[in-house]
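Listed after this line are the structures, all set down as structure tokens.
Next, two complexes with subunit A in common: one pairs it with subunit B, the other with subunit C.
Let's look at the complex of A and B:
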């Protein structure tokens, strides 16, 4: 008898399970801090929608591009939602790998920082919307306000000329402190460090599909970069993020031309930093042009092959909403993409540099919207370094780089 | 006489010089991995590299253990052994068939060349068709799927290796067995298999090494972190902001240990494999 009741119960349970099939979403996301933040959003979403199951795959940066490309290009539909770095956006969107969001009935509200939303569109900057800006990553500029005050330097430095002067003064008077630090390593690091200077000098790499790198503005920018190097530590040619970060945290650097929201909070963490409260964050200085920091946003898009696009869109709306962005920012140090969150008093009280981050985000310039950006970055990175170590003159380095970039663009 | 001795000495000196420089070239990276894995983060970040860790720390090993590296280790062992066994299981009968039967229109030769072509093509070329096939079979994201995909690497190699070993088995031995009334299958199991044993071991070891370090298929066909293999797990110590040298070196050492040990056996068995003689 007991057994019969048990079997009946089991049967009913099976029926119930069949009657309420859980809808499932698979998200290809990032590991580390990005993953932790997205997980909070996933948990909240499942809590509010008990009949939805979301699997968040926390994948390492290295190899993520390849993983996404093979599934999206084969139309596999293994992922419903993908997290993509903004330089990949042109490729993913132009090849139809992402679902157009407006066709699914979505209209973005004006609260998103316009620069971050424009890279979600193809053609850039006002075409069809294929993704939503999730992480508002932008290159920031850091300097020691205590040292700047000590020597009466313009704080924050408004132009790159101010930066050079400050680096010179501090190098000369503060033994053991590098005037300026940056990433000099070949490839992505040196390009990322140099771009705000290049743009600030009114130069560009590619404009309307043509290479414009071989200009006198660009040469001036590179010459300036070499002047700045005099006040940088020896061996800066092989520096990467960890060296810049360590130098800044240890109080060995007066200026870092490139820091990122992901690790800026460490500067105020007494366990890691010797300069708590002494480092000020600002948008990159300008010169001829206004401040032009580099945009490095992470976007969330829906795979064209997803069988659950409506639900995926619901999640996208949820995670990019002001309410959730605020939660993620406060709990997990997320870099928001909404003006209302970046200016929220509670958020700003916790992250004092957010007004600067918003200013930087609003002034941010995305990398050229071309399919071959990674090749261009490789070429430019190589020649910039040749100029940095003095093997090529600035003029020659840029002329040769321009030639090779034109070849890549022509293919 | 003196000249003869001098040349002999010079020859010996040259031999040792070349040997030493090759050894340094091969062993230095391993040495560097080992010492870095015991250094504290501040020490390997300094501008002047140190030859020995000033203070030996096990923190990186503890860290990789805590992150659950053993799971990826088990996954890798399963995939390596699985694909090796599957390869040998198919390649041995295939090699036997190719060595002992006659095929019309040189089909055997065409088959062997075709197999070689598969091996020579860059594996990435086959990635997309394999991806869709595995997806169709529901084997994507599963270690079984990877075992099947790895046949691209191991099967052609195993067939070619074993073919040579099977050909070396004198036909007379098999004829004698046949006269004694043994069936073809029995001959295969009781006579041929033991004779090509060393060959099987040598092939297996190479197949294990090949699959142990495989990166691209594992990267593309696995998406859940629980099923990642070691090479994929290792790649996550290189982040976009920094390279975590300590844990990277620690896991580098741990994951190459089994292969280093196995390589010791390779020599022995390869020598035996090459020196097969039948009396």
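Let's look at the complex of A and C:
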């Protein structure tokens, strides 16, 4: 009897031993469409590597930065792979939180769009490689080509002045259609909505480590932003991307100064959209400067504290490969970072605006490569909104913001 | 007990308290002291900045428009929400203290809002407040009124957030006050009626004095809770538009956990701690006086 129990125990132990030695990776990723796309890649990878187990955490944007900073700065190693927004890259890379990829034996592929790969390097733009570009997000400009044709407006609008004129004409003549929509909510949304205008007017926030926000050009850009607001819907100061998207899909907006590849495919989806085939996508207009769309890439990096770096690199190579990017793009509306995928005939046949998206990506401007971007963005977001709701004059808002940003940079 | 020896026997009560005391020291006293200490430093653990600035953080706070507006909004919110919640709770408690048909059925319904997650509640209210598609403005438009800028208007946003808090937490004040009402012995009312008191006079001279401590308890609990208002602001407005719904907790969160300026966040936390302490002290003294 005792022997029988002992044998059974031994057998169970063997089963457990066989089940255990699976290698495991934990990925801190995004929720929503980003999560769904990455999940497809994770499933494919596990299918091809049955001895690997990957746990994909789908985290909302709100709070993701805080979670990553707390784990990475403590060297906790809770995540092997992290998905990061490109403006956080300087901080994550310069503080040694991510593993240098070339040391792990990786050689970068020239197929990646250069602007997207350069934000993966520290120092920017040609230092050590710490991450790979996963989502090739870039701010796109959307407008209703049917309405533009109806009123004989320049299509696509070449400059911001054209945009203002179009918004005015359409607002005046099309009841129920907002001339322009954008994200006015304070913090990250309003900053992202405003940056292409700021850059288009030839202004900037930080240049060579110095604040240059308090300039004539910046004030002109902010004044222009206020002019545009006249043709925007009531309450645009609390709008975020979901409101912009709803308005476009419902046919209530003629121009959206900032749309993102992640949800652009919905515009041609008859189940969701009342404007199938009527919305044209273009790179952001320019004015003084050429078109300066904002880069908003999502990168994948390996935590320095990961105990499974080789395997993590294998997964990174897999998910950013041309083969998998094409699958994700076709199946989940992923925004690729490879030229070969962005120009693939099968892909372009499905997403008609991909040539514009590639052009925008190639012209894209990244947000300032500084350690303290999230604080600068926070400050700028507060003051831009105070100007937008008329509590501060554009001059005063920018001067105060510049002062606070200089204080942050001076520390 | 014998194993404890003479000293142990004499101080047994202290020994029994020890585990709880140790917990309190680690979880409450230490963080409190540390927050006071950090508030005197420019301290950012991520950027590895640590230097003594004395009262610099406090001077900076009281020159910061966002903090000052936050302070003002927090007081407005706390006082407004607490008073309305306790008043409504009192009304409901009086109603439910009487016997009427369907009381057993209605009681769970009234305390329903308390049982949901705040984030879920906020998501629902946010869609109801929507200027174009929300149900409130739909109702107003259908009835021929102008739509209201619930979360958009700078003058209204804080009140709209307050309304959600009132909806969610009035039941708590209601439960406390109902418990108070039901603990008043019926004989007192009988005696008062024999003496000729009715209606308003019964309420004024019997109910109110005996309910006093429960009212103060409800006021205290709701003030402390509303003073910490964070989740609803985070989910409904993000502190906007402008600085209309900026609150102290939100300020602390942003400085501490987005920018990791722990020194400044600590200084703001100290200010908040002092404010809550003063309010609690006043209430508790009132309750003690009532008992003495």
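Note that in this section the second predicted complex is superposed on the first by the 391 of 411 C-alpha atoms of A that agree within 3 Å, B and C clash if a C-alpha of one lies under 4 Å from a C-alpha of the other, contacts with A are read in each partner's own complex, and residues count from 1 in each chain.
Here, a residue touches a chain if its C-beta (ideal position, glycine included) is under 8 Å from a C-beta of that chain, and two chains touch if they have at least 3 such contacts.
Note that the structure is predicted; figures quoted are calculated from it, not measured.
Visitor: Given the superposition on subunit A, are subunit B and subunit C in a clash or a fit?
Guide: With subunit A aligned, subunit B runs into subunit C, so clash.
Visitor: Tell me the contact category for A:66 with respect to subunit B and subunit C: first, second, both or neither.
Guide: Both: A:66 reaches subunit B and subunit C.
Visitor: Contact-wise, after the overlay, does A:386 reach subunit B, subunit C, both or neither (first, second, both, neither)?
Guide: second
Visitor: For A:28, using the defined touch cut-off, is the partner it touches subunit B, subunit C, both, or neither? Pick first, second, both or neither.
Guide: first
Visitor: Which partner does A:187 reach: the first (subunit B), the second (subunit C), both, or neither?
Guide: A:187 sits against subunit C, while subunit B stays out of touch.
Visitor: Between subunit B (first) and subunit C (second), which does A:237 come into contact with in this model arrangement: first, second, both, or neither?
Guide: A:237: touches subunit C, not subunit B.
Visitor: Identify the partner contact of A:123: answer first if only subunit B is touched, second if only subunit C is, both if each is, neither if none is.
Guide: neither
Visitor: Just checking: does A:95 make contact with subunit B only, subunit C only, both, or neither of them? Give me first, second, both or neither.
Guide: In the superposition, A:95 touches subunit C alone.
Visitor: Answer with first, second, both or neither: which of subunit B and subunit C does A:375 touch in the superposed model?
Guide: After superposition on chain A, A:375 lies in contact with subunit C alone.
Visitor: Of the residues on subunit A, which ones does subunit B touch that subunit C also touches?
Guide: 66, 73, 234-235, 246
Visitor: Considering the complex alone, what residue numbers of subunit A touch subunit C?
Guide: 65-66, 69, 73, 91, 95, 185-187, 233-235, 237-238, 246, 371-372, 374-375, 378, 382, 385-386, 389, 391, 411
Visitor: With touch defined as at the start, can you tell me which subunit C residues reach subunit A in the complex?
Guide: Subunit C residues touching subunit A: 42, 44-47, 49, 66, 131-133, 149, 151-152, 154, 237-243, 254, 257-261.
Visitor: Once bound in the complex, which stretches of subunit A touch subunit B?
Guide: 28, 31-32, 57-63, 66-67, 70-71, 73-74, 76, 78-79, 234-235, 240-243, 245-246, 260, 262-263
Visitor: Considering only the defined contacts, which subunit B positions touch subunit A in the complex?
Guide: Listed in rising order, the residues of subunit B that touch subunit A are 45, 47, 127-128, 131-132, 135, 140-141, 216, 219-220, 223-225, 232, 235-236, 238-243.
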